[in-house]
Amino acid sequence: MSNPFFKNHGPILISEILKSLKIKDNNFRQDRQIKDIKDLHAASESDITFFHLKKYKEVAKNTKASFCITTDSLKNDLPKNCTPLAVDNVLVSLSNLTAKFYPDAINDDFDNTTIDITKTEFKNKIKHGKNVLLGDNVLIGLNCLIGHNTIIEKNVSIGDNCSIGSNTIIRNTIINNNVKILDNCVIGKHGFGFFPINKKNLRYPHIGSVIIEENCEIGCGSTIDRGSMSNTIIGKNTYLDNQIHIAHNVKIGENSIIAGQVGIAGSSILGNNVKIGGQAGISGHLKIGNNVEIGGGSGVIKDVPDNSKVMGYPAKNIRDFLRENK
Amino acid sequence: MSNPFFKNHGPILISEILKSLKIKDNNFRQDRQIKDIKDLHAASESDITFFHLKKYKEVAKNTKASFCITTDSLKNDLPKNCTPLAVDNVLVSLSNLTAKFYPDAINDDFDNTTIDITKTEFKNKIKHGKNVLLGDNVLIGLNCLIGHNTIIEKNVSIGDNCSIGSNTIIRNTIINNNVKILDNCVIGKHGFGFFPINKKNLRYPHIGSVIIEENCEIGCGSTIDRGSMSNTIIGKNTYLDNQIHIAHNVKIGENSIIAGQVGIAGSSILGNNVKIGGQAGISGHLKIGNNVEIGGGSGVIKDVPDNSKVMGYPAKNIRDFLRENK
Amino acid sequence: MSNPFFKNHGPILISEILKSLKIKDNNFRQDRQIKDIKDLHAASESDITFFHLKKYKEVAKNTKASFCITTDSLKNDLPKNCTPLAVDNVLVSLSNLTAKFYPDAINDDFDNTTIDITKTEFKNKIKHGKNVLLGDNVLIGLNCLIGHNTIIEKNVSIGDNCSIGSNTIIRNTIINNNVKILDNCVIGKHGFGFFPINKKNLRYPHIGSVIIEENCEIGCGSTIDRGSMSNTIIGKNTYLDNQIHIAHNVKIGENSIIAGQVGIAGSSILGNNVKIGGQAGISGHLKIGNNVEIGGGSGVIKDVPDNSKVMGYPAKNIRDFLRENK
């Protein structure tokens, strides 16, 4: 799938890519064209990908990409079809290259393409409050409501029967049918992803979107960041309470219930039917199974298998936690 | 007291109520009229109530309601004046019946009755910022201030000498004299109450209000949800710091101090002179006594008696916590 | 340095100060003029200061102030040049006296001096969204952006190349060059500082500012309170994620990284190169050294020396925490 919101400035010649990665190697056909940059799973034969953590070894083995930014220590886990391009810091190289394909994906300044909804085709099609602004490339379905002072910035698609509250800001987001988003939310901004560099950090591009599937509800004051290389996804019929923070690349399954002030760090993946109590936190890059229950206030710092109930900081089996803390 | 904000579509014939609960029973006078639906404590002889948790047994014994939605296992705790109506799931039945009495209490879409304050009688009576909107059934006392972009949606009563900040949204709320509410708050939205049903959850009606008593202060970015069957109450001279979440039906006493990022889950009741440190969380349906101190970061998962100092997760006697963690 | 934002109504005669503190003492030259009220470190010979906690003993010993509000038990730690004025409650006395010097610093009602940016000199100088308001005494540098519905209240100085998001509110703040502040933030409001008094608490004046040094980024929905007697400072190139709360008088060093939903309580001081994981909390009046790493979810309740890695609640050495919780 091509990127729905950010313009791909590719294809880029492999010779240019090698130059930007500071790799000198004459064994390649220098005129080969690379169409896009994608994660290990999504990349096809015409793309370049990246592989930076041992834990993604199994996915790496099956990638279809022809080239992969990686390290000397990881390169042997790649399949024969994929030529490793070893660098010192995979993420910095990835960031620089992504910025070549998608130069518009670094900047998250306010959207100055917006105009008042009363000057658009949606004026009479949906119920809207006062001072509603719409940016470029906004689609809104049938029977929707948008509250006062809400800003639908560029690159937003809203399905049918959706209700957006007031003072909410949305960009780079696909919202499916029957979704409710309450007041004071910020959805679709870039994540907290950058490379720490003394004096001036380096932001990396966020070319992903937020996808909110049908029948979801998002509580007041919540923030959902868009993905960097993949998307941030809230599965069907999942409800989020107030003041929740969902970081970039997080994927939450269907029919899940997440109570107030929960935070989920970047790239964690949650299954279906997950219940999370208030103020719990989940570290980044974790896998939480289906039918998992996480007690309120828990701090989850490792994967949780299907059908588990955990609680505590760090979170453990809930029976153990309660017995030890009688 | 009749509901101040939601129109009661009752009385409803008991025969209709039985039909909606799918109870077939010919022992009642089918033409009996039921005026309202209320909790065990508030219900009078002409009302129907509900009883779903053993912990409310003592209140159930003294209810004045003539009918009560409950279960087979709880029904024997009701007094003689109250006829039990046993169902499989009390809360789902309650929800359906409440929606019959109060059909307007499910929907929390943005208030499209609002108009700019400069077009209302309050134009010259209070100091107000730019772009202030007022909904139906809004009362504002003397000597008040309302900041820019703030939306006082329908069903709000504000006392004298109150100061509301900017970008704040309020509905279904009674604010007493000398209250300050700072910027970016959302007060009076429905709570996180619904029945999890695969593919599409069922919201239950929130017919309660938020009541903020005199001399309170509510910090920036806080959310206070209105009650479902009862009210959410902030007692006199209680101060809340920034980014606090108070869930539906919570009752906080007088002279209390609640530091930043605290969360209090649904239906918990706190006494007077309670002090809560930053980021502490209190689970739902708990009773916290008078003069209680809860250390910052604590997770309170059981009742706390009067005059206790607790800390930890789960919270315990603060001396024990500090000694064990030296 | 004189206060940049609040008008000093001093000098005040020492005889008047003694009267307001209810101290009867004829040993002073009653016509001595006191210019300002400052903390122990910042006060000069013509100022009055305060000393209320034993932990500030070393700073007290070197104060240049001529007078100091303190207690009988602390007064002997002051140097000879500084006359102690012993009172029962230092902070209440401080509060009352500060209100005499700075009567405008108690009130944080919405700023009604604001006008639409299109009616100001900045109309064509910066890129701005719809409905942007600017208060009195606002300076904005070159090449800046300000998003929709954002309110720059009185007493704000913004450097060059800054990008402010939408729906954000700022007052009493100095923002240096190349700073990004995202959406829905509230920066520069008074802190959660007051004296608990039954029936009606007493607010104390906040005469400090927020200072955000160059190259910083502040995430969506964050709140940063201004200082009471000193300033709240975010050091150069420090990045804050979403939904962070920074209380009054906190000082954060340079090149630091603070993840989502972190809270830092009043008057804590952090060094440079500090990394804090999501949802961690830091109690008030602590000193966190340089190069410190604090794990996500931690609750820090005592000082942390340079180069330490801590985690847990209460936070301890991270290796001990992980070993004990295997």
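By written order: A, B and C. Residues from 1 in each chain.
The definition used in the following text is that a contact is a pair of C-beta atoms (placed from the backbone, for glycine too) under 8 Å apart; a residue touches a chain by one contact, two chains touch by 3 or more.
Everything numeric here is computed off the predicted structure, so don't read it as measured data.
Student: Please decide if copies subunit A and subunit C contact each other with the same set of residue positions, more than half shared, or with different positions, and reply same or different.
Tutor: Under half of the interface numbering overlaps between copies: different.
Student: Rounded to the nearest 5 degrees, what is the angle of the rotation that puts subunit B onto subunit C, matching CA atoms?
Tutor: 120
Student: Distance between subunit A and subunit C based on Cα centroids, please, to the nearest Å.
Tutor: About 34 Å separates the centre of subunit A from that of subunit C.
Student: Going by the touch rule set out above, which residues of subunit B reach two or more other chains?
Tutor: In subunit B, residues 131, 149, 167, 184, 221, 243, 261, 279, 313 touch at least two other chains, as defined above.
Student: What residues on subunit A touch subunit C, complex-wise?
Tutor: Residue positions touching the partner: 108-110, 112, 114, 116, 131, 133, 149, 151, 167, 169, 184, 186, 189, 192, 194, 196, 198-201, 221, 223, 225, 243, 245, 247, 261, 263, 265, 279, 281, 283, 299, 301, 313-314, 316.
Student: Residues of subunit A touching subunit B in their complex?
Tutor: Touch residues, subunit A against subunit B: 127, 129-131, 145-149, 163-167, 178, 182-184, 215, 217, 219-221, 236-237, 239, 241-243, 255, 257, 259-261, 277-279, 296-297, 312-313, 325.
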